[in-house]
Amino acid sequence: MKSLGQKGVVVRTIQRADKKDLVTLAVSGVATVHEAQGRKGLLDPAIRPIQQNKSLAGSAVTVLLAPGDNWMFHVAVEQCRPGDMLVAVPTSPCVDGFFGDLLATSLQARGVVGLIADHGVRDSRTLREMGFGVWSRSVYAQGTVKETLGSVNVPVICAGQLIMPGDTIVADDDGVVVVARADTARIAEKARQREELEESKRARMAAGELGLDIYQMRARLAEKGLRYVETLDDLEE
Amino acid sequence: MKSLGQKGVVVRTIQRADKKDLVTLAVSGVATVHEAQGRKGLLDPAIRPIQQNKSLAGSAVTVLLAPGDNWMFHVAVEQCRPGDMLVAVPTSPCVDGFFGDLLATSLQARGVVGLIADHGVRDSRTLREMGFGVWSRSVYAQGTVKETLGSVNVPVICAGQLIMPGDTIVADDDGVVVVARADTARIAEKARQREELEESKRARMAAGELGLDIYQMRARLAEKGLRYVETLDDLEE
Amino acid sequence: MKSLGQKGVVVRTIQRADKKDLVTLAVSGVATVHEAQGRKGLLDPAIRPIQQNKSLAGSAVTVLLAPGDNWMFHVAVEQCRPGDMLVAVPTSPCVDGFFGDLLATSLQARGVVGLIADHGVRDSRTLREMGFGVWSRSVYAQGTVKETLGSVNVPVICAGQLIMPGDTIVADDDGVVVVARADTARIAEKARQREELEESKRARMAAGELGLDIYQMRARLAEKGLRYVETLDDLEE
Amino acid sequence: MKSLGQKGVVVRTIQRADKKDLVTLAVSGVATVHEAQGRKGLLDPAIRPIQQNKSLAGSAVTVLLAPGDNWMFHVAVEQCRPGDMLVAVPTSPCVDGFFGDLLATSLQARGVVGLIADHGVRDSRTLREMGFGVWSRSVYAQGTVKETLGSVNVPVICAGQLIMPGDTIVADDDGVVVVARADTARIAEKARQREELEESKRARMAAGELGLDIYQMRARLAEKGLRYVETLDDLEE
Amino acid sequence: MKSLGQKGVVVRTIQRADKKDLVTLAVSGVATVHEAQGRKGLLDPAIRPIQQNKSLAGSAVTVLLAPGDNWMFHVAVEQCRPGDMLVAVPTSPCVDGFFGDLLATSLQARGVVGLIADHGVRDSRTLREMGFGVWSRSVYAQGTVKETLGSVNVPVICAGQLIMPGDTIVADDDGVVVVARADTARIAEKARQREELEESKRARMAAGELGLDIYQMRARLAEKGLRYVETLDDLEE
Amino acid sequence: MKSLGQKGVVVRTIQRADKKDLVTLAVSGVATVHEAQGRKGLLDPAIRPIQQNKSLAGSAVTVLLAPGDNWMFHVAVEQCRPGDMLVAVPTSPCVDGFFGDLLATSLQARGVVGLIADHGVRDSRTLREMGFGVWSRSVYAQGTVKETLGSVNVPVICAGQLIMPGDTIVADDDGVVVVARADTARIAEKARQREELEESKRARMAAGELGLDIYQMRARLAEKGLRYVETLDDLEE
């Protein structure tokens, strides 16, 4: 993957997953999608939403930034389409406020649904009021310059995960997960099935049935040696 | 305390504090309860609520978990009664999402009021929508397995505090405090008195009276050598 | 600056900025003010608001505290006037809950608008309900004693910034910035102009115009060597 | 455990484990002892040694301290005997330098082997030169006062573990583990056996034999579904 | 990259860089190699050496681990050759001590030069005494189980960097950098040249010549507006 | 203090403290100096030495840097004299490796004794081998550019402390403390006296005398209510 982290390049054409699969994934949410694809793809838990009650899915347009320099955001805007999600990564750790309400306005005008930022953002209140979804490493008003080239739509590593341009990003109150573009339809179907299955479990549990019985765990627990005693004193004898 | 951290055991019978004292403590809140019992029992401030404006008190049902393994939660559910609060601790530091909305549904069906988790949780938005109170170390969608035994209702150390099964847990926006079961009635009464006392102080302060006068601090401050000067320049002479 | 961090002193008279400039700065918000004064004065991003959607500006009354000792808060209250903002700093790192709803009631009765705390606070829910603005390093119910002298209205270093008594503090969802008292009028005017300028940019961006064109960036990007390619495969040749 | 964290008390008489078992445990080291007692008792990994190549075991004399106040250390010294290890805990989180070379001199004169500090220390270079073993949360020169009572030889929770006066503490480059006094002889014997067993394994491994064969893991791995392929390309087909 | 993070697979055959280039890179060290390849490939600075004065380079054999489970290390040993460097990554954040002296003995017997661990290690003193190089996220004695499959020689993301099996790892007191296998010869040559260049600069600087003159910076600084004043007072006028 | 953090300026002439006082302070060390000046001036404990057993004092030459940009170091070198200590601060948090062995060579050639860096450094092994003292926030090989102006010899806030050019910096294994230039002679004398006093205390303690008696603490402890009991059981009655 020679292009990983390459600087000074803008890739114009990327493949995106099907819109209807993105909708399915946004409804399923991060925890279910993560399970549906075999427990992989989660970004580091240090990436937190700046708002509550928002669940989004979009196609990744990636932006590689120099630390303390947000110039490439402007280049990235032009490459975005409705339904995209911007994924922004500085080339070394930096908590500055690379992103604020003006850039969000420009992205929203192009139909971009949100931002995943492995750095800080500012104007956080306005971003919430605009309904533009943001997941970031920090909130910090420190401004940035426009001096150094980065890249748009090259592969990036964001908060510990490899993200290819066009990959599907799902983000909600639990955090962020990436699904490979080519796997999106398959994982969307799996997530949908999983949701259905959970729904039936939820109904039984709400009615008071125990997971021990629904999942038939008692035998295996006994076999592993689980021991029931009446009181703590029995234990200390 | 030989049973501290013991694995593979479920204790069925624990003593619980009186319900009406739990209500009193929930109304008083964590800061007042902590003061009422002589400034002890606070969990580490890294344990944070995932919701706002919730103040709860319950009797601790403790769960000891293997890292990355949430099997014992299902065993614990069966041991819970209305008014209980689950206290979950992994045997080594782990931020995984051990707990989500299905387990919360099952607990809510049994009348459990909330969860204190020395680890991560997921499905955080649904947990908030359900009104199930959660205080945790992190929010992270990373799933767990069901392979290794832990214990239920053994003494645990949760976020720096020793918690015995049946101890009283009070949790609100300020964090979490534990009160020994046997002290609960006494502390509830003290907290209630303290609240009353504070209420009268609050009224005087709202009317503009100074703490310096209400608490008669001026003499002692002078005695310790507090010096009033007119301006900063006086100071630098 | 011999008085920096000096203990056992209360300075009674400080100069404050003009009220109307404080209003202007509160409306502009932290990110804009920070830019208007040449990108300086931001407090460490570890200082976070305990509420959302609040933007305040006030004149700093400073309080220097011994760790785990909130005695000087009571001394400070008496020195406050309407429109002031308390800035509290312990002499060594301490996350205890130095400040709660009683002190806030007393400050609110004197017209103080908020608190910047380089330490922890408690009674956080009540503070939010009172509408008293708080920015702090932590929320933690751990109480404090009243044994050791500190100072009021001496210069302090709060979360990495030097703050002189009477300096202007601006705080919102993005964090906190300090403006020197003498610079307040000038920076308020600059911030106002900046806001106007941003407003016109925002309108053009909302209409779909690109930052690349509004700021005429294309030539400079090309000159720095930015290269557009059609697909990622072109890149790897 | 009503005495946990009780203030203003000095307990004069504590039971200690047998010296020869302490020697065995010091030789085995923390990782082996932790395994020998069923993987429990480890202090939080934030407690780090300030020196290298030191492995110690001693009987815990516990000291409970007010934050920023090291008065009780002087009280504790008098309660120490040769072979003891001091375990110091502030009642709320505090990184100050509670402990330095003078106190270490006094402890060394009484035969104390080292200090486990859930806070900061200072004079770190001199402590190393004296050969006095220290494991602490931080190194920080910030001084402390002598104003507030704490306790000596009451149960404490240190870095997440309950420690009773007289419990056995083992500390080396890997961190710190606590063994209940009553279990010390039994765990020492188990640790010794474990060391022997490891020694034979080490010899076979040093000779090039694989763990896969020594522990006969191949069948179980195959049964779980482990799949060997020739190249990464085989995988992506 | 469908195989990224895939579980239950062992890839037997990987390509490795040329030994002589590894030697060149180990001599150059991490900072120089990082510059030579255009400032990319550095692992997160949280990965620290457990020893000093060691500079190594090796070919990556990758191990993907379940959290708290070190089973796959034994599988990995068999796939190693002389000159390899093990790169171990858990599938979710975990600070447990997955690795100790027995595994190191086994690896050393096969000629493996060191370990890069995105998790914790134990037996740290013995590892240092053996001369086996280790870079890890933590030192912690907490043991692990052998229950769950992971993989060997699949692509992994370690501390923020994508590492392909066979990639070249360079590690020294400054941290760790990864060089793509195919780039190794080219980067080794560049690093060597860079070292030579630096050597001549170092000689001139040691003789007292200024970087301002060696790099001819004065004109560009003046052009950017750098202003020399005599004293701080001049500045404040 | 309008010049605090001002950019694009080099101040050529600063006042420095007397060399012999610097020597006295270096011998006393950070903890003693900190006490001698009334417990103030300590830098944040996150600033750590990269070497052991080094105790230095020097006059501060300050450097203000743009994040990720080390250009101003070269400008600063020219302003240094024998006995100076460089104090480097980025304008927003940044862990990059701004400083390495070439710059150290240049500084050493001018007689500079060390560096206090509120950022990261690289070439750490070589820096140790050169005997050039470094205290920094991190060790990280990430390189920096030379694009943006900063300043030399303006007031800076470094790790939470205000440092004026020419102030005295003392640094050892415990961390770093700043002493105002004008106070240096007075504090050096106080530190020397304190050292003498401590020496006599140390002798008495090494001979087995207790701090309780040396400092006559017994009466005051009793007065505060300290209670001696024989065993823990007495306590629980």
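As written, the chain order gives the labels A, B, C, D, E and F, with residue 1 at the start of each chain.
Rule of thumb we're sticking to: a contact is a pair of C-beta atoms (placed from the backbone, for glycine too) under 8 Å apart; a residue touches a chain by one contact, two chains touch by 3 or more.
Just so we're clear, the structure is a prediction, and the values are computed from it rather than from any experiment.
At the interface between chain A and chain B, under half of the residue numbers involved are used by both copies, so each side presents largely different positions.
Separating the CA-averaged centres of chain B and chain F is a span of 39 Å.
Note on chain placement: the centre of chain D and the centre of chain F lie 30 Å apart, centres being C-alpha means. Chain A and chain E have Cα centroids separated by 28 Å. In chain A, the residues that reach two or more other chains under the touch definition are 2, 39, 42, 45, 92-93, 95, 140, 142, 148, 164.
Under the contact rule stated at the top, the pairs of chains that touch are A-B, A-C, A-E, A-F, B-C, B-D, B-E, C-D, C-F, D-E, D-F, E-F. Across the complex, chain F is touched by residues 29-31, 34-35, 39, 42, 45, 48, 52-53, 55, 172-175, 177, 198, 201-202, 205-208, 210-212, 215, 217, 221, 224-232, 234-236 of chain E.
Within the complex formed with chain D, the chain C residues making contact are 66-68, 92-96, 142, 145, 147-148.
In the complex of the two chains, the chain C residues touching chain F come out as 1-2, 4-5, 7, 38-42, 44-45, 91-93, 157, 159-162, 164, 180, 182-183. Those residues of chain E whose C-beta lies close enough to touch chain D in the complex are 2-3, 6, 8-14, 71, 73-75, 77-78, 95, 97, 100-103, 105-106, 108-110, 120, 122-125, 128, 138-143, 146, 148-149, 153-155, 164-165.
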